[in-house]
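The structure is given below, and queries will be raised subsequently.
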């Protein structure tokens, strides 16, 4: 049992035609920030846990002194409309460590979602342009196909403007969804290569997601992180102010570069 | 046979309701120091050996010119009380090198312990706070649950004060024990990131363990290493005196290190 | 399905006694440049796709906003002569990441080619001599045997002059072809260790291949990249002028790089 | 076939009660030098080839322009005495790249040797003491047991004086031989950490081996390499002469260190 990828599900919980938002650790932790924020703000209830020997062999130390295997978790938010689509949030502590593990874990996730008659998947990640910090991060999108892209007509989501590859769950889940004939889109917040936690990029994605899912989301939590980050940046800039350009703070991106530069996105 | 994880057990040895202490190579080698010390001081007898192709592909050169595959070993100390719980010490030369190997080896260890009607597991590790050396290392604990924590009421073990993840056997064994409904606790001695062998952290854990297991343990061996380390530190500080405390100045490991200095340290 | 190496083939497409040219990401991207150039210039049609969990766990972001699993692709060019050998081009985004994955993917490629009654395989790679840039890159060859080498009598291909090992598909496919009694040759363009994309080496190989396959190939595309690279080199040399030739001065890749700059280069 | 570890054997070749010498790439290439030297000097004939997907995914470029998968090879030298033990030399291009691959390949080697009614195995490696170069390299030994050690009474082979672990085939083959009740010994030539090819250490081992196997071995080839290395060293010392002690040339080993310092040996 402990040597296989398993999904353990709370008996009796049956999401209705669910829509899933996936946010796992990755570049700028944009995905994880988005998923954890939604989970908290919408008071989502955990209903399934995915364990895998392909995750890092670690346990998380819990606040009350317990332990928990590194895992991926499914949370449920019931729709307020009768027969409306429920919302499923997938987040977790880690991604699989090997190529083969990535294929196994992410194909299991898509099959599990299909077994629930899932209707649409949003994966969330960061798209790193380089060192520069954007004042107003853009949101890039890549989708299973035209039908999925059409959902974002009139939204501030840029399709066909990102280049390179998407690494890990954010990309594989969309590719596997396409094979299973489930529509989906990967939303990526524009981020920089030197922020471990980019709440600003996360907020940019949440704004589009909330509009698309017709949800009212309080972003006060994220705003606090954004303010603290901005303050830390200003202090750093003061200290290294005399060093001139080329520093990884506020540098402008090389002209004509963004579109062609490959970026590793989780 | 050589391509699988196997536990080979001396026939006829049947531990009674055993309690197990696990100490393997890791941060500061705290776990290994504790387990090897208990093994020597309590004159424990080897009764089972775990081999695995997931261990580093190495043999240990023995004192008399022989060789031995890198392995994990189970030692037994019979209780002095009639029908009392026997003590099992698990130590070894290495941990599995891949995530999948870690899951396999540690789940095998827990299943083997369960097959002996094992009652409680203590895993031992190091908890690295950073570069600073503590004069009086604290002991942190993470447990399978409240029942296991209760065993340490009135002890100098801090539950719920450590954060982050526990890597390898010290964590996975506790998580797997929980799944198998065996109680257990991971005890971590506070250590620094620049000591390869931290006898001071090991002693701090042994004091709590000895009290809990009602054992009289002579720590003269550890005291000798602690003194040598302190001396080496003082000399290093003289040489680099201007750099102040807490500097990661690349101290070399103390001279009187344990028999086989483990070559694979986590 | 997603956890295994699979080749999915368009139904009804039957290449006649095909000859295959294999060019995948690798040293100087010589192989990929050659294969992609032939594919475009000869208007080749995709007829089969190889997916594998041994590839990097990534999806490629497509121009129109879609996604595609990192894969290897087979393209077909029908012979203009009646009953003439068709040409198959194999190219892709990546190679397998592990030794075992390399063995699996490349043996599958050779078996698939054999199942089509394939007659001859050309793999293309780069042969890196060191830091120096050659004005007129040589082409080195290694073959399944004397019969395959004989095909290049009177050509500017040097057999028996290269030393060391060939890494990945370019080498394994020739070795596996030999085991399956299919003739083949690995053609390597002389390149330097500091060019990510070496169109000059690619052109040198294409000249020999075009002659051998009796194809008229326009190399204007490659010439443009060669010119841009040369220009970038001259500018770099001006800036670091005092360092002399042959310095590994960390040149950035040329601007006009191929569509998807491969992110995993060998 | 290509995805499994296989040993392909020339039909009809039946070594008589063979003794095997194993020398593969490793520290200072001592093992490989010894095995290749014996193979050449004794005019050994290849009779079996081991292929494995756990080897590096490479082909070797052959002198005449051919290719060959990286492999391990068995060579045979028939005994000159009637019913005398034949000599088998095992050498090759590489060792397995993963722990699991090492276990698989080396257990296959031992089982193959056992199936030939093999009597004794010598593995050869380098034992690195540190930076210092010894004028007269010692030979260290580790054996399956006392019976094997007894073979070297009166020889210049030091048992029980080496410490730490032996990495890869040189160690695992001895450990697996022990499990299969075949006697064997690992002979290690004293070498330094900064010589890629140490012919001096190789010669030291060959002298003991030749005596033990009652073979006359011409070492003129090795002497030539030794002379060239010594000359290169002298020139290096001239250039860095003013830098004093602590340089990796001719430094004396730290007192009392050799025995306790772990050394990675292949």
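Going in written order, the chains are labelled A, B, C and D, and every chain counts its residues from 1.
We adopt the following convention: a residue touches a chain if its C-beta (ideal position, glycine included) is under 8 Å from a C-beta of that chain, and two chains touch if they have at least 3 such contacts.
As the structure is a prediction and not an experimental result, all values here were calculated from the model.
The greatest centre-to-centre distance from subunit C, using averaged C-alpha positions, is reached by B. Residue numbering shows that subunit B and subunit D use the same positions for less than half of their mutual interface.
Note on chain placement: the centre of subunit C and the centre of subunit D lie 37 Å apart, centres being C-alpha means.
Subunit A and subunit D have CA centres that are 52 Å apart. Along subunit A, no residue makes contact with two or more other chains. The touch graph of the protein chains shown is a ring with every node of degree two. Chain pairs recorded as touching, per the definition above, are A-B, A-C, B-D, C-D.
Of all residues in subunit A, those touching subunit C in their complex are 96, 99-100, 102-104, 106-107, 141-145, 149, 159-160, 162-168, 171-172, 174-176, 178-179, 186, 260, 262, 264. Of all the residues in subunit A, the ones that touch subunit B in their complex are 1-3, 53-70, 93, 97-98, 101.
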